[in-house]
Structures are given as C-alpha cells and as structure tokens.
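Two complexes follow with subunit A in common, the first pairing it with subunit B and the second with subunit C.
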Partner chain A sequence: MIETALFWTCCLTAMAGALGAATVRNLFHAALLLGICLAGVAGLYLFLEASYLACVQVVVYIGGVLILVLFATLFSADIMGAVQRTPIWLRVAGLAGAALAAIVAGRLAQTAIAHAADLQQVRSQPGALPDVIDGGPGSRVIGDLLVGGWLVPFLVAGMLLTATLVGAVCIVRRHRRPPEAQRG
Partner chain B sequence: MADLGPSSLSAYLAVASVLFASGVLAAATRRNAIGVLLGLELMLNAAALQFAAYGRFRAAGLDPQGQTAAVFIVVVAAAEAAMALALLFAVYRSSKDIDLEKTRELRS
Partner chain C sequence: MEFGPAVNTIATWISGPDPSWWAVGIGLVAVWVIPVLAIVFPVAAVGQIIERKVAAAMQRRHGPNTVGMDGILRLVVRLAFFFLPRAAQDRIQARITALPGVGWTLGLLQRSGLGQLAADGVKMIGKEDIVPAGTDGLVFRAAPYLALVGAFLPFAAIPFAQNLVALEVPVGALYVVAASGFTVVGLLMAGWGSGNKFSLLGGMRAVAQVVSYEIPVGLAIAGVVLWCGTMDLHQIVAHQYNGQWYSFLGWNIFQSPFLALLACLLFFAGLAECQRTPFDMAEAESELVSGFNTEYSGLRWGMFAMAEYSEMILVGALVSTLFLGGYQSPIGEPWIMSLPGWLETIIHAGILLVKFTLGVVLMVWIRWTLPRFRVDQVMRLCWLTLVPLCLLSLFGLALTMLLGGLAGGVHTGPAYGRIPGMQHINLDALGWLVTWVVPVGFAAVLVAVARRRHGQMHPALKQLTGGA
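And then the complex of A and B:
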C-alpha cells in the first residue's frame, strides 16, 4: 500500500515537474522544476530495481547537469522572467508546438501501451524469449557488462567525455589578440 | 489494457511518454537556448527511463543491459549539456544575448 503510494508520488512528481519545466515562463523556476522531475525519475529507477541508476541520476543529473544549467541561467538576459510582449505569430507557433507535443505524447503512449500488452503476452509463454543474464540488481553486474560485451561503447564514451572536456575548454577560452594587433 | 502499478510496464512507459512530450514542447517553443537545452535533457531522460523499464520487464527476470544502456544515455546527456553550455557562453560573449530568434551566427 505504502509502496503503491510512493510509486504514484514519484510518477506524479516526474510528470508535473516535466510539464512545469516545459511551460513555466521564468527560466530559473523551469530549471528548478526540472530538478524535481529528475528526482521523481530517480525514484522510479528505485522501483525498477536499478539502484545504481538512481544514484547516477542523483549525482550526475541533479548534482551536475542541473547545477550547470542553473549556473548558466544566471547569465541569461531574461533570468527572472522579464516578460516582453510576445508577438502574435510567436503565440501561434507556441500553440503549434503544444499540438505537436500532444500528438507525440498520444502516439507514444498508444504504441507503448500496445507494446506492453504484447510483451506481457510473450512473457507468459515459457521459453519465448532467450534467457537473460542471471544476476541480482546491482552495480557489480553493470560493471561486468561494461568490461564485457559493452567494452567498445565504454571506451568510446570515455573518448567522448575527453573530447567534450577539451572542446568545451577550447570554445570558452578567451582569444587573446597578438601583441602586434594590440599595438596597431 | 494492462493494469497500472509499480509492477506493470505501462505506467513507466506512460510517464516516459509525458516526459518526452514535455521535452518536445520545451524544445519547440522556448526562445531561450537554455530552455531548449532543458527540453533536450527531458527527452534524454525519457529515453533512459524507457531503457530501464524495458530491461526490468523484459523476460522472466531483470536484464541489466537496459540499465547499462541507460547509463550511456546519462553519459551522453552530461557531455551534451557541457558542450551546449560552452557554446552558449561563446555566443553570449559575442552577442550578449542567447535568444535563439536573434542569434543567427557564432561569429561576431
């Protein structure tokens, strides 16, 4: 009973946070709502027996990405929601965007729920799917996978992070003019 | 229609659908580049949640490959956020604005 209540709390938190982050005018509040949404998804990971993923979600997303976004928001021009007059064509574009999002949500939910019913039918037949890797939930299994079948993606991810770090530093580096240009 | 609850796949997929649609909405309607970035993060989070959910409900038991794929999505999302914010700083430094309607080029 308590488990179900917690589950629905996580679901509603994630969905409300996402909708708020997409629609609230004030960008700072939107980023904070994104944090609430991420926390709800971390709770859902716990219900999916993915405790490692929940920790990663909290540490990397809430502790890293969200702080980065909040920091960048402070540089934004309309940080505290200085509302400028919205042109009429932009309102029409916003409505079109909302309609697009609604269509995407409807199609996704329709496909997903139909697929879920299929999957549960398949699950009821013994031997319909290949055997899964036997092992309890935990970071040890994921670690074994990362240096096993997922070794190449793991190395590529490391290279991606290195390239991102170097590239980000290069982009934000101040370009000093050579002394000749300053004198001239 | 499958029942909804902690032990059914449909609930997780419905939450992921709402997250993804919110991300599409934010990416399509925000004028500020940071708002668009928020939408992209929401969409990536929905994808990671779907991976974890399908891995959990794949067959008779839990399949950790779904969680592993979700970890990679988190890695890509972190790299994307760092790179996008670096670009935003560069754009902001050159044009003092990150409104996507006004910013047309990286060179100042």
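And then the complex of A and C:
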C-alpha cells in the first residue's frame, strides 16, 4: 500500500515538476521545478531497484546539469523578475506537442493494459527477472559494460561533451583586441 | 538499496516477519535519525564551541568561558522546587554546588564554554524570522531546509558500527556524493531568493566552487573504489581489516602512497565543498557581507550554520571511512567484537566519533591559520593542482594493482563481522615496501632534479600556486 502511494508520489512529483518547468514564467523558478522533476525521476529509478542509476541521476542531473542551468540563468541579463512573453508560434507548437504526447501516452496505456496479465504471469515465475535488476549486480554489470565492450562509445561520448564545453567557451569568450592593435 | 540489519531487526521485532512499512519507518528512525541526533547533531552544535576554543587557543586567549552551567542548575532547581520561597531555592542551589565535586565540575563546564551553546541556541530560536521585502518568498524560505537535507541525508549510508547503518546501498560512496549535492542547490536558492546582489554573488561563487571541487572528490573516491573493488561503504571498511593486532596497518591510507595522497586531496576538496576558510569566498565577510546568508536571521540562519558543521563532520567521517578504517580500532578488533552487541556498537561509534572530531579540529585549525584564497586562486588550485594530482594518483594506483597482481596474485582477506573476506593483492612486507619506496623515491628524484634546474621553486609550480 505504502509502496504504491510512494510510487504515485514520485510520478506526480515528476509530472508536476515537468509541467511547472514548462509553464512557469520565471526562468529561475522553471529551472528549480525542473530539479523537482529530476528528483522524482530519481525516485522512480529507486522503485526499479536501480540505486546506481538513481544516484547517477542525482549526481549528474541535479548536482551537475541543473546547477549549470541555474548558473546560466543567473548570468543571463534581465531575468530578475522578468516575465518571459510566449510568442504565438510557441503556443501552437506547445499544443501540437501536447497532442502528440497524449497520443503516445494513450497508446502506452493501451499496451500496458493489454499486457498486464502477461506481465503478472512473468513476474510470478521464480527467476523470471534477470539478476541485473537487483541493486548490486546491476551496477556491476553496468560498470563491466562501460569499461568493457562499450569502452570506445563511452570515451567518444566523453570527447563529444568535452568538445561541446570547449566550443561553448569559444563562443562565449569576448573577443578583445590584442594590446598591440589597441596601441596602433 | 537495502535497509541495514538493525533496521530489519527492529522492524521484525515490532511487527513480526515481513514487517509493515510503519515498522520499517520506526527502525529507520532508530538507526538513522537517532545516531544523527545523538552523534552528529551534538558535535555539529559543539562544533561552534570547538571552533571558538581552538581559535582562542591559537590566539592565546580564553575564548568563551563566562556563560556557565550554574545558570542551568539554577533553572533546574527553580523548576523542581517552584513551591518553595526564592531564598530556600537559593539555599538548595548553594547546597548542591557545595557537594564534593559538583562545584569543580560546574567550574570546568563554565571554563569549557559549553553553557554558551545553550545560550546561543536559545538566542537563535528566540530571534525574529525576518523575510525581507523583495525576497523570492518560497525560494528564500525553502533554501535552508534543502541545505540541511543535503547535510544530513548522506549520514544514512555511513556505517557507524557493525549494525549501526541505516541504508546498505551497494553504491554507498556514490550515494554520499549524490545526497550532499542538494546542499549546493540550497545555497544557490538562498543566493537568488535573498534578492540581494551580494547574496547572489555569494551564491554564484559557492556554486562555481562546489561544482569544480566535486571532481577531485569524485576522483579521490574512485581511487578507493578501484582499490577495494566495491562502492559499498561497509565493504570498504571491511576491506581495510587485516586481522592482526596492528590493524591500523591495514587502513587504506597506509596501503599505498597514492592512497595517502588521495586521502589528503579528498580532505582538501571536502574542505572546499564545506565553504570554509581558506575556501570561504562564498561568504567572505569583508567583500560580500557574508554572502548567501546575509539576509537570513534566527533559526533559518542557524540551519545554514548547522548544515556547514554537519558537512564538516561528513567530510571527516568520509575520510575516516574510506581511508582510516572507518569505525575500526587501530589495535585490532577481536577485543571489541567479543563484547556484547550494544557495547560493541557504542565503542565502534565512539571510535568513529573520535576520528571525525579530529578531522573537524584539523579543519578549524586550518581556518584560523590560512588567509582566504582569491576566486581565481581557488579555481586554479582545483583545476591545475588537485585534478591532475588525482588523475596521477589514480593512474599510479591502477599501475600498483596491475603490477602487484601480476607479481603476487590476489588472496582473500579475513572475514570481518558479517562481511565475508574480500580480494586483496598479495603484498608481503617486501612488496609493501616497494609500493611505498618506488613512487616516493621517484617523486623525490623529480623534485630534486627540478630544484637543481629551476631553483627553489619550479616556475610552473609558482604559477600554479598563484605566486603564493
């Protein structure tokens, strides 16, 4: 009973956070609401017995990405209480996106309801779920995969992120004239 | 994520096998909240007094020595004998004070300044909770709670004793880093929500610093994970047990010079994550009017202070757990393990308390010795000194493990408590000596050559330290 309640709390937290992040006018509040959404998703990972994923979610997304988003928000000009106006095309796009999301969600729900009985049957068989899902071996398997067969894609992804960072620095950097040119 | 055995024991004791959720909740309160309240919270509170006393000792003065315990004694007597006239109450108090030892103890407590603690607490609770106009209401109000959550959540995974661990997370080391990440969100919210330019600057500095210093922290922890082959904090503690009476030689810090270096790096990076001098540019009084907590007063300010001291304890406890054998005693374990369970728990928790309190005192010592770094110096230290040193140590450690494994293979160490023996590299005394002498000797030769070539300090090193 309590697990169901906690599960729905996590779901609703994530959804409410996402909805708030998309609709709130204040940019800083939107970023904080995004953090609430991410925390809700981390909670959902806990329900999947994937504590490693949950921890990484918090470290990378709340401790890293969210903080950098907030940081960028603070650096952007005129956001202290500024109200962002939504252009009309963005509203239309939002409506279209919502319709698409509704269709996907409906299809997902339909599939889930249709296969609920099968899932129950699979779950009830002993040893049906692989060991990977349990907290300990799961992180071990992920670690083995990351530094084993998937080492090169992992490193390429890291290089890509580094390149993105360097590129961002290059774009943002103010182009000063060298001192010689100023003198001349 | 599993609950610790003590949680399960308490839960099954309350509501039988397959305990209900509220019984598990009570177990969690008993195993997590009570240690935090009984060990971390008092040390965090006494931390203020430790800070002032150490500072006073370093400056050759007494520090807080006036607010004594006699006031509390008087209060107790007045409450207990409220039906008597005041003169009689005074006489009773005088009698109690005259009892052998009582006056001496009260005097000692007074000189120790512990009464100041109660006075400060009462003052803090009594102060008005001001929410200035122009603040971002909810963000401003919620920030201290988030900081406190980030400071207290990690303690759930720290093993205080054999059974005194609330959450047995298989990825405990990662969990501690993740949970403490909430603090920085709290600081940023405080900086923004205050609606004050200085606070905002403080918050941004705090975030830039914490995000940067999380990298050396993560790398240092990764070194221990590499060495022990597990992220479970309890297994890391068990891995450091060598089964001898000189069990301190099994601690990670003595295993390899690279691990010793990582311990120092973790300590300093942790110090920076606590925003303490010399890394306290986020709340620099002289430049930022104490930064993100300028606008806070009363209990909300107290929460920030409490979060800061809890984080200091967390850093101390983490360094102890990862490198200093956790709750293990330095002189062997059988004499503790043979005691009854409750006594074993108390002794182990006490040993961890001594270890992290030493860490806290060291932090206070550093604070009152070093001046504050400039912003660029802090960033330079992190990115150009700590991170390369961490990477170097990780590389050296991996090399040690590879060569050690090739030379001697691995063996299964002694079992510790309910944790079975874990894999160790075979290192006899000679191999151990080699792992120490070779890297340290190599570093010494490098330093000597660099000195001969560049004088007292290598120019690159001079630039790294900002000419300091």
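Going forward, the second predicted complex is superposed on the first by the 116 of 184 C-alpha atoms of A that agree within 3 Å, B and C clash if a C-alpha of one lies under 4 Å from a C-alpha of the other, contacts with A are read in each partner's own complex, and residues count from 1 in each chain.
Here is the rule we use: a residue touches a chain if its C-beta (ideal position, glycine included) is under 8 Å from a C-beta of that chain, and two chains touch if they have at least 3 such contacts.
For clarity, every value in this text was computed on a predicted model and none was experimentally measured.
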Which of the two partners, first being subunit B and second being subunit C, lies in contact with A:74: first, second, both, or neither? second
Touch check for A:157: first (subunit B), second (subunit C), both, or neither? first
Between subunit B (first) and subunit C (second), which does A:35 come into contact with in this model arrangement: first, second, both, or neither? second
Thinking of the overlay built on chain A, is A:56 touched by subunit B (first), by subunit C (second), by both, or by neither? both
A:64 in the overlay: touching subunit B, subunit C, both, or neither? Say first, second, both or neither. both
Quick one: classify A:94 as touching subunit B (first), subunit C (second), both or neither. first
If touched residues of subunit A are counted for subunit B and for subunit C, the larger one: B
Looking at A:166 after the superposition, I want to know if it touches subunit B, subunit C, both of them or none. Which is it: first, second, both, neither? neither
I'd like to check the shared interface: which positions of subunit A are touched by both subunit B and subunit C across the two complexes? 3, 49, 52, 56, 64, 68, 135-136
Mind listing the subunit A positions that touch subunit C in their complex? 1-3, 28-29, 32, 35, 46, 49, 51-52, 54-56, 58-59, 62-64, 66-68, 70-71, 74, 135-136, 139
Would you mind writing out the residues of subunit C in touch with subunit A in their complex? 1-2, 21, 136, 139, 169-171, 174-175, 177-179, 181-182, 184-185, 188-189, 192, 200, 203-204, 207-208, 211, 214, 231-232
Mind pulling up the subunit A residues that touch subunit B in the complex? 3-4, 7, 11, 14-15, 18-19, 21-23, 27, 30-31, 34, 37-38, 41, 44-45, 47-50, 52-53, 56-57, 60-61, 64-65, 68-69, 72-73, 75-78, 90, 93-94, 96-98, 100-102, 104-105, 108-109, 112-113, 115-117, 119-120, 123, 129-137, 141-142, 145-146, 150, 153, 157, 160-161, 164-165, 167-169, 171-172
Quick one: in the complex, what on subunit B touches subunit A? 1-2, 5-6, 8-26, 28-29, 31-32, 34-35, 37-39, 41-42, 45, 48-50, 52-53, 55-65, 67-68, 70-72, 74-79, 81-83, 85-90, 92, 96-99
